[in-house]
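Quick heads-up: structures coming right below.
First chain A sits with chain B, and in the next complex the same chain sits with chain C.
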Partner chain A sequence: MDKKITPLSKLFLLIVFFILYAPIFFLVIFSFNSGETMYDFKGFSLEWYRELFQDTRLLIIVLNTVVVALLSALFSTIIGVLGALAIHQAKKRQTKNSLLSLNNVLIVSPDVIIGASFLILFTMAGIKLGFYSVLLSHIAFSIPIVVLMVLPKLMEMSPTLIDAARDLGASRWNVLTKVIIPFITPGIFAGFFMALTYSFDDFAVTFFVTGNGFSTLSVEIYSLARRGISLNINALSALLFLFTILLVVVYYFITQRNKVNGMGVRKR
Partner chain B sequence: MNKLVRFFLVIALASAMLLYAISSLNKSQGYSGGDTLTIYNWGDYIDEDLIKQFEKETNIKVIYETFDSNEAMLTKIEQGGTTYDIAVPSEYMIDKMRHEDLLIPLDPSKLPNLKNIDKRFMDLPFDPKNKYSVPYFWGTVGIVYNPKMLNGKKITSWNDLWDPALRNEILLIDGAREVMGMSLNSLGYSLNDTKRAHLIAAKEKLDTITPNVKAIVGDEIKMLLANEEASVGLVWSGDASEIMSENEDLNYVVPKEGSNLWFDNMVIPKTAKNIEAAHKFINFMLDPKVAAQNTEYVGYSTPNKQALKHMPKEIIKDQRFYPSPELTEKLEVYKNLGKKNLAYYNELFLQFKMHSK
Partner chain C sequence: MENKHTRNIYMLPYYLWIVLFVIAPIILVLYYSFFDIEGNVSLVNYQKFFTPVYLKMTLSSFWYAFLITAISLLIAYPTAYLLTKTKHKQLWLLLIIVPSWINLLLKAYAFLGIFGTYGAANSFLELIGIGTQQILFTDFSFIFVSVYIFIPFMILPIFNSLNELNPTLLDAANDLGASKWTTFRRVIFPLTIDGVKSGCQVVFIPALSLFMLTRLIAGNRVITLGTAIEQHFLVTQDWGMGATIAVFLIIIMVFIMIVTNTRKRGV
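Up next is the complex of A and B:
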């Protein structure tokens, strides 16, 4: 990695970042527009933010979205870690591979199909559409992602580490909690945050399973978009953008801290 | 390990707090328990003050949800699992829902305000005798154009769109029946025509308009026209009124050959839990004053004859949105053409979309 970054590649990087971020900044700037539309900037005002905070319905929807994201990430991380451990423990190579490919199929299969099948499942099982149906489906589609984030960490772990722990008299439980889990913690956090973002921006699956007064942001914005989006959606998006940046920063610091701890154990 | 457990506990605690916040917010809105009514309507299709007024008058709490297409609404209702008491589909969808047995018949004795609806809009082919539906709003399909960009040129008929002077100026809405209908009407055929020869002729005529077509787009057509990205657009009258409120240079016309007449109607789906409240709400919306207020907010045309008395003269005199009886005669409601014919419409429309300039 000693190659120098040429000015050309720097320029390329700059252009890519510009393309990725320009629309977001455009959106954020117009959230301060005192006018009504996205195409002429009339002047600075916080009008749309005020309107946003007065709209309790929209606020409830935002909170719904956050709660579903947090809870689904939490549960899917727990289940996903257990799943990854199970896949890792599998003795036969064939079972391991087939389990892993089943996991991957769920990741690559289109959201629309997953959403439609959840809708059919929930209605057949008699579960009322609403908070629980959304939560369950979010947990379900996040689990494979967590598994995929945790598994490489498990693979990376040297088996001699466990052998050594066993030789020193650690019980199975001790091996799990004192050796394995600390080693894979960065993977678990990565899985958690991936699940969080997945749940946050999922539209296709959620669209099918919302109902009975429960809605999430992506679904609501989509149905608002029909009549041209009002600028309070811009304000909302700006706040969410800020929130996600905050999450990323927090995540960065957590991984930084874990790296220091993790390095001591890792022997490659 | 401890760190992980602590982290997860914090997350769990945060979610619990958020859940509490949501439930208390819900309570402050009165959404939980008691007498509730769930309404499933198009986005931004009601004056929200009216919902508050209804809640105050009847003590029934309203849960308001929105959809963005008839098909999306149908999926939700077909599958059950939801408890929508009122939905507002368009006419062809009502026909379909009626045949699929997804609707509950209305009880006219609970809808005394039904008499306010203009007779012209009752007993139409999609729902004979209005057994299942009550008209909510109606409108037409027509042309929005920008006289300023066209040097004062006027558009009055569908055939004006084929004028070579409009090269690369027209935006079309992405709907098979609307675009095919434009061509059928311009040839003097019915919008519900199913004769193969007529349809092929219409498609061939459409192919000759391609040099004039700038793009075939979805809902963004409103923004594009208001932004003056193009000077002519094929749109629904409701969209037209929105576009014109954003850009006053624009004008709307229902072509003289005739066009489509569409309806959005209130129905009670099979999934309804509170049929009593649903009737109350429908009756409330049919009240002349309420309908007038709602019409002024939404900007579509109201079928409520008595409501017109409570509305500003310049709105009801506007022939673009309340066309003269002679023109109304020429307007046609879409009939359910059946799967085979509809597939043929779609096929021809697809071929037109692929036709290169």
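Up next is the complex of A and C:
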């Protein structure tokens, strides 16, 4: 593809980028509005931010969201790594493939179905809807993504590495902790991080399994937005936008590290 | 080989997860679809599904998902193609992906302001002389916002497959006298069809089940399968009917996966 981009195509790309970013900046700009609407910019003020930080209810919800995200990422990473090891060590090709298909079911299913089926599951199991049901479902839908992040690292690992460790007298436990885990650490970090962002962003599943007393940020934004426009959501969105940018940067560095490591291995 | 048992013990949590959170939920949904609203075992939900009300809803849900997928593809393919030609293409791609990381509800909320009666879109229409229109709570706003949300997910797989395309093939086509259009139709498009298929897959299935957008943006005018499931589970408490619709959605999903099946290479 040696052709230069024509001005017309440049314009097309520009429009696409404009449409993608305009709504986000629109939200951020109006978060500084001293008026109360999203169409009439009266003047600059930080009033909505002040209101946001004084809203203890909302701060508790933010705290809930963070706690659920951290805990679910932690547990799903542990179980996901074990799962990746299980899939990797499966001897028969057929076992491996069926494990992988089962692993991917929750990734391809629409959120509504995951939410509805988990709601049935928790109700039948007698788990009260609230913190634990939300945490359990976040762990459940993050596990497959961790597996998919860790598995390629395991595949990359040369089997001779493990044979060598065995020959030198390492026990299974030693092989796991001293050879395998250090090798797949970048994948584990990437998985943990992805689980974290999945949990932060999830709305549909949480909406189904959250009770009356417990709420996360997404659910709260939904119920606020259904009531109409209020500019403290804008202030919140500006802060979340900053936070997202931070996440993207972190993600960029994690994948960069992954790549460097991966290429280092391939060179041999 | 120390023994098989220690190995199985540390794999237990993962297998437990598969049984409890992958297999059991599907079976439970199927099980619940055989109960009517009073809790009696019956096939009444399936009978109800095949009445005109639900068939029409399924059809319109399909139609909207199809429109959303088609429009996303029409915008995403040229965008992905042009992106592969830019300098620093990975950076530009990252910039396309960033909006998809922003919480979906915030993006939907932004459009409440933009498409509202006095919103930015209407001020623009006023300015160019068309005058104020009702934009929010229409089919148009629903499709526009859905496309907006799904575009990055469509661009990514297409970009990847275009990026893998061997440029010498294009030179070869050129040398053999193919026009630009022929090259696209006979070489580029067939070789990137896998990306297109997985793009359509990741847009079409969620598009059938977006219930929050229909509530916020379409003002309950559009009812998709997802909206109906949410309604039955959380509002009317008719779990049996909700589960029946979910069963059909699962069947449709499996069907689409088979049709658009692509050999996935890594994540």
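By our rule, the second predicted complex is superposed on the first by the 225 of 268 C-alpha atoms of A that agree within 3 Å, B and C clash if a C-alpha of one lies under 4 Å from a C-alpha of the other, contacts with A are read in each partner's own complex, and residues count from 1 in each chain.
Note that in this section contacts are C-beta pairs under 8 Å (C-beta built on N, C-alpha and C of every residue); 3 or more make two chains touch, one makes a residue touch a chain.
Computed from a predicted model, the values in this text were never measured in an experiment.
Q: Both complexes share chain A, so when I overlay them there, do chain B and chain C fit or clash?
A: Verdict on chain A: clash between chain B and chain C.
Q: Of the partners chain B and chain C, which touch A:Leu11 in the superposed model: first, second, both, neither?
A: Neither partner.
Q: Tell me which partner A:Ala164 touches in the superposition: chain B (first), chain C (second), both or neither.
A: neither
Q: Quick one: is A:Val250 in contact with chain B, with chain C, with both, or with neither? Answer first, second, both or neither.
A: Neither chain B nor chain C is touched by A:Val250.
Q: Which partner, chain B or chain C, is in contact with more residues of chain A?
A: With both complexes superposed on chain A, more residues of chain A are touched by C.
Q: Kindly classify A:Lys178 by the partners it touches after superposition: chain B alone (first), chain C alone (second), both, or neither?
A: first
Q: Applying the touch criterion given at the start, work out whether A:Phe203 contacts chain B, chain C, both or neither, answering first, second, both or neither.
A: second
Q: Scan A:Leu59 for contacts with chain B and chain C and give back first, second, both or neither.
A: The answer is first: A:Leu59 touches chain B but not chain C.
Q: Given the touch rule stated above, what does A:Gly213 touch, chain B (first), chain C (second), both, or neither?
A: first
Q: Classify the contacts of A:Ile29 with the two partner chains as first (chain B alone), second (chain C alone), both, or neither.
A: After superposing on A, A:Ile29 lies clear of both chain B and chain C.
Q: Is A:Ile120 contacted by the first partner chain B, the second partner chain C, both or neither?
A: Both: A:Ile120 reaches chain B and chain C.
Q: Pick from 116-124, 152-160, 188-196 or 206-214: which stretch of chain C gets in the way of chain B?
A: 116-124
Q: Indicate the residue numbers of chain A shared between its chain B interface and its chain C interface, in ascending order.
A: Residues common to the chain A contacts of chain C and of chain B are 37-39, 78, 119-120, 207-208, 222, 225-226, 228, listed in rising order.
Q: Quick check on the complex: what are the chain A residues that touch chain B?
A: The touching residues are 36-39, 56-57, 59-60, 63-64, 66-67, 70-71, 73-74, 77-78, 119-120, 122-123, 127-129, 133, 177-178, 181-182, 185, 188-189, 207-208, 211-213, 215, 220, 222-228.
Q: Please output the residues of chain A touching chain C within their complex, sorted ascending.
A: Residues in contact with chain C: 1-3, 5, 9, 12-13, 16-17, 19-24, 26-27, 30, 37-40, 78-80, 82-83, 85-86, 89, 99, 102-103, 105-106, 108-121, 124, 140, 143, 148-149, 152, 171-172, 197, 200-201, 203-204, 207-208, 217-218, 221-222, 225-226, 228-229, 233, 236-237, 240-241, 244-245, 247-248, 252.
Q: Residue numbers of chain B touching chain A in their complex, please.
A: Listed in rising order, the residues of chain B that touch chain A are 1, 3-4, 7-8, 11-12, 14-15, 18-19, 21-22, 25-26, 28-29, 31, 38, 42-44, 63-68, 72, 75-76, 79-83, 219, 222-223, 226-227, 242, 246.
Q: Considering the complex alone, what residue numbers of chain C touch chain A?
A: Contact set of chain C toward chain A: 2, 6-7, 10-11, 13-15, 17-18, 20-26, 28-29, 32, 75, 78-79, 82-86, 94-96, 98-99, 101-114, 116, 118-120, 123, 148, 151-152, 167, 170, 201, 205-206, 208-209, 211-212, 215-216, 225-226, 229-230, 233-234, 239, 242-243, 246, 249-250, 253, 257, 266-267.
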